[in-house]
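These are the structures in question, set out in turn.
Both of the next two complexes hold chain A, though its partner changes from chain B to chain C.
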Partner chain A sequence: MSRQLKFNIFRYNPQDPASVPHADTFLLEETPSLTLFIALNKLREEQDPSLMFDFACRMAICGSCGMVINGRPGLACRTLTSDLPAEITLMPLPVFKLVGDLSVDTGTWFRATNSKIESWIHTDQEFDPQATEERMENALAESIFELERCIECGCCVASCGTANMREDFVGAFALNRMARFIMDPRDKRKDADYFEVVGTDQGIFGCMGLLACEDVCPRSIPLQDQLGLLRRKMGFIALKSIFKRKG
Partner chain B sequence: MPHETFYSDLVCIGAGLAGERVAVEAAAAGFKTILLSLVPPRRSHSCAAEGGMQAALGNCAMGEGDSPDVHFADTVKGSDWGCDQECARIFADTAPIAVREAGHWGMPWNRVEAGKALCFKGGVCFEVDEKPEKQGLITARAFGGTAKWRTCYTSDGTGHTLLYTLDNKVTELGITVHDRVEAVSLIHDGETCQGVVARCLKTGALRVYLAKAVLIATGGYGKLYSETTNTVINEGGGQIVALDTGLVPFGNPEAVQFHPTGVVPTNILVTEGCRGDGGTLLDVNQERFMHIYEPEKAELASRDVVSRWMMHHIREGKGVPSPYGPHLWLDIRHLGEKHITTRLREVYDTCRHFLGVDPITQLIPVRPCHHYSMGGVRINKDGYAYGLKGLFSAGESACWDMHGFNRLGGNSLAETIVAGRHIGRQLVEYLKGAEATLRTDLARQAVAKDEARIKRIIAGSDGKESVYEVRNAMQQVMMEGVGIFRNGTDLQKAVDDLQVIYARSKKVGLKSSGIGANPELAMAIKISGMLRLALCVAYGALTRTESRGAHAREDYPARNDRDWLTRTLAYWRDPNGDLPQLEYEPATKVFHLPPGDRGYGKCEIICREEMSE
Partner chain C sequence: MASIDTAIYVKPPSRASAYLDWLQMLTGAGLIAFMWSHMVLVASVNLGVNVMNFIAHFFEATYMAQVGGPMIGATMLLHFVLAARKIPFTSSEQGSIWRHAKMLHHQDTWMWVVQAVTAMIILIMGSIHMWTVLTDLPITAQKSALRIQGGFWMVFYLILLPMVELHVGIGFYRIGVKWGFVKRDGRKKFKRSENILTAIMIFIGLVTIIRFATLAV
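Here is the complex of A and B:
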């Protein structure tokens, strides 16, 4: 027999002076293979057309639909209701600015942070359209891709103790991104350049090591390893610079 | 209250790969550029491209001897000679440069590993020996309809990685991005495009963007169909605002691609790379069948051909019954765990999370579903839209037209950055010669018109039709009447039904308040525009009495080069009418490759008169 699902959904429309933050309750009959993508669209189309939430690809590759599902940040599109109890509480991701209901403004946050950490290849080399490409070992390309798989859904940021307390913390996503550039020989930045960007309290030294980021990452990116490696590398650079100054 | 107004040299509607690639070209030349996007750019549908992009680098052993000429010929054959051969030529020649350029910007392309490796084709294992001198160069995999292994890739996350690489470039150049902004109409004086009226999807406010040039790069119109691999935002927004000018034609609206391997029941795409890497299609008896229909190419014929044979096989009763209707199987088990978890990693994740299927040991349920829009805003080979000066388009939103009536796998991702690069350069030349004569009176009129329409929708002044019911009815008609196999009776019924639904769409009224970033209002604003597009697709398909590429008429099974070697140009000149005006132009001005047999997808051909003599 199918279950009757009870959704408790956070509601607030900042554009509506009459709106106050509260939770609305919706009932929905569970159907086979029901995902939160299908469920939320049904609720919008059949029960409350003002309900705000974000989806795009609905296949867990675009990162639009991060939300707090029964207390845990995750991607709504690939969450099956059959994996949840009959009562489902949905909240918007913290840290990001609320657009309305379950929809948050991740775009502005990620763009600002990517600008801050200069998330691009730094090189003086001009592109030569006639030249054969520079060679790279396939194993290295695959290692870069492994970290490049981050979809900036914001789940790691929303689950992070430091990010929730401190606005200026760049989050696990950004530290992973830096690790990706550090391993890429096309990026000509030096250790000191990386250190300036992430060898700080806003960067790797702000991480308290709680590692919820790794637990909630829907892409299973090895954040724990990357944070550890980055901390060691930045610590080493810091020590080196102290000795250099003394010498 | 005055509307917030933004001035720039170029405003790009859409910040996926094509929009961003054009923006990079303009910004690098010093022009002030604003990118508008429905979603943060990195969430654009470009990110969902999986298998790779075609470029004739010829580095891998199975790509040896490849060249832009071979790529060009494959593309023209794939298009069933419906493409503009000048564009296909520019495309094939530029693709290798665009791939290397992306590499220069940080794209981690998979590379050649010298030595012997085991590969599969049609489920049969064979050995490939990669040359030591090619070690570390960009490698490629097989895709459908290609003579060589030509599809460059990063695992099966190529679109995602390429989009991040491009967006990093956009960030580096400091290009302004306004995300969660939706174009509502174009501002123009009947001759020149002056900008865009857009709605902020954070606050619901209307805004004005005035610019010397406007680029449409909004992707396809897949959401006219219910069963599509497309993201929920592929609603044809760019084609709607262009068509609504009454001046700019919608090229080849009826050219719609169905992809062979959508997952049942969610219509999530599994990449053609599965078959390229040696995966096979199986029927209810778990037997291969494609080699019976296509002895030469088998599973790797072009998408239109494979999709048709799959549906044919299902009609023959060889489908696997399921609560979601009959489907077929995709088998990649023999590729092995290492290959699947590295080179087909997204497929591996998708199957486990959405289907509960482990593709290393289990079969994947698949069925053809809507995938790609070959048609779009008709532009010339340099990206200029027909009918309106200062308007450009690039990528899937455009009908450039290198795909004709069927696009090859790996050619759309390639088109985004190749056309983006080429058209971006042409746009820079245009901007160098363009003087700003921006007319704020036009902007005021345009925004007032949109504002009045929105007020009527919110108030329900014209009726109380549910926008979701109207949309669902449209999608249903498109699935039933304008699908993989088409015929005059069903198409006529589709057109008739769509006209009725179109009338309903004009009577949509909101159930909610419409205040702020209201999603019901966003849908209500574009629903009648979506129906105009649907009518163009259905009416274009009804009128084209031949079969070409993805346009397969059961009542006109031959490809008719005598009468239909043409491109449809659909205009919507009468705002109160309920059908587009169809005109036609030659498919191509020049023939580097005269019409002939594709080598797959057996089809009778009615020759051009000068050819048959």
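Here is the complex of A and C:
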């Protein structure tokens, strides 16, 4: 027997001066294997063409369909309505700039944050297109890849109490990103360089360990473990420098 | 020689955040160790009035209470100053964390809210409690019992006890996960043990309060 689903959806268009933030209710018959992505498209096609939301790949790779689903940030394309109660509340991800309804601009935030932490490999090695690629231990390559799987969906940032309170906090995304470069032997940055970027209250020492990031990440990136390692590493870099200056 | 403080315009790299975070954790851990010892000392009354009096006397004869007491007070104050960097004091910050916690249905986020709220209560009630006890040495089971049987302090401790135990328990858990002592696969179990520990501590505390309330003096 199929359920009648009731959607409560946040509506607001900041571009339209007449628009007031409110919630709209839609009803939809549940079909087998219905995802929120399909449901939203149906609602837009059949009930309200003005409904705004983002998606691109519909297979949890592009990271653009992040939204707050019954209170929890997650990917619409990966969420089956059968895993949810019949009443479903959808809200846009907080922290990011609202484009309209469920659509937010994560791109600007990620671009700014990536440049703040200089999210690229720093090397003075000349690139030689003729040379064979340098080899890396398989285990190391795999552990780097484990962190590299992040799709920049923004769920960790939206779920983070610290990021919601403090605009300048870089969030678990950036800290995980940094952990990835610290692991990478091709990045020639020194401990002090990494420390300067994330050894601050905007970085790892701003994190209060609420671990919502860990609990919502749709890619199950080991954020808890990486944050713990990073705090210890940055903490010890600071401690070591006390002795270095004296010695 | 005229010197210019260039840091006004260009902030040099600073390690302050790291040192302050270490201190916040270490003062927290120190206070946890103290609160556990404190519980053992006070709960010793359940083993007998003389046991508690003996222990209390030992700490006073060795001046550990007279010196240690104010030191704990200072540690608490330092811990407060450090942790206050994380507490939302502006109403806009308080509003965002409150709305956020309500939206998220997430236990660890609520635990942090509990930690911040209990912190403020402990700051006030803990200070009152320390002042009262340390300005009225020596500590004896009889005096504590009289205080509690007066009624006011009974209510006072019935509030302070769960506040402290919640803050201590959550703080213990928080240190474990924040500093990576507890990994992803150990988190659930660690949280469970922490909750059980908190419940046990509150239970022992309640038994102790009842013991004082019924002690013949």
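Heads up, the rule we're going with is that the second predicted complex is superposed on the first by the 245 of 247 C-alpha atoms of A that agree within 3 Å, B and C clash if a C-alpha of one lies under 4 Å from a C-alpha of the other, contacts with A are read in each partner's own complex, and residues count from 1 in each chain.
The definition used in the following text is that a contact is a pair of C-beta atoms (placed from the backbone, for glycine too) under 8 Å apart; a residue touches a chain by one contact, two chains touch by 3 or more.
Note that the coordinates shown come from a computational prediction; the quantities given were computed from them, not determined experimentally.
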>> Clash or fit: chain B against chain C, after overlaying the two structures on chain A?
In response: fit
>> Looking at A:I121, would you say it contacts chain B, chain C, both, or neither? Reply first, second, both or neither.
In response: first
> Between chain B (first) and chain C (second), which, if any, makes contact with A:E133: first, second, both or neither?
Replying inline: first
> How wide is the angle at chain A between chain B and chain C, using CA centres, rounded to the nearest 10°?
Replying inline: 170
>> Looking at A:Q4 after the superposition, I want to know if it touches chain B, chain C, both of them or none. Which is it: first, second, both, neither?
In response: neither
> For A:Q47, is the partner it touches chain B (first), chain C (second), both, or none of the two (neither)?
Replying inline: neither
> For chain A, which side has the bigger count of touched residues, chain B or chain C?
Replying inline: B
> Between chain B (first) and chain C (second), which does A:M59 come into contact with in this model arrangement: first, second, both, or neither?
Replying inline: first
> Looking at the overlay, what does A:D184 touch: chain B (first), chain C (second), both, or neither?
Replying inline: first
> Where does A:P222 make contact in the superposed view: on chain B (first), on chain C (second), on both, or on neither?
Replying inline: second
>> Please give the least Cα distance, whole angstrom, that chain B and chain C reach in the superposed model.
In response: 18
> Where on chain A do the contacts from chain B and from chain C line up?
Replying inline: none
>> Per the contact definition, I'd like the list of chain A residues that touch chain C in the complex.
In response: 68, 70-72, 91, 94, 159, 161, 164-166, 192, 195-196, 199-201, 203, 205-212, 214-215, 222, 224-225, 227-229, 231-232, 234-235, 237-239, 241
>> Can you tell me which positions in chain A touch chain B when the two form their complex?
In response: 13-16, 32-33, 35, 44-45, 48-52, 54-64, 78, 99-100, 103, 105-108, 110-111, 114-115, 118-121, 123, 125, 127, 129, 131-138, 141-142, 144-145, 148-149, 151-152, 184, 186-187
> What residues on chain C touch chain A, complex-wise?
Replying inline: 13-15, 17-22, 85-86, 88, 93, 96-97, 100-101, 103-106, 108-109, 112, 174, 177-184, 187
>> Under the definition above, what is the set of chain B residues touching chain A in their complex?
In response: 39-45, 47-48, 97, 99-101, 103-106, 108-113, 135-139, 154-155, 157, 160-161, 164, 168-169, 171-172, 174, 177, 179-180, 201-204, 231-233, 265-266, 268-269, 323, 342, 345-346, 349-350, 353-354, 467-468, 510-513, 515-520
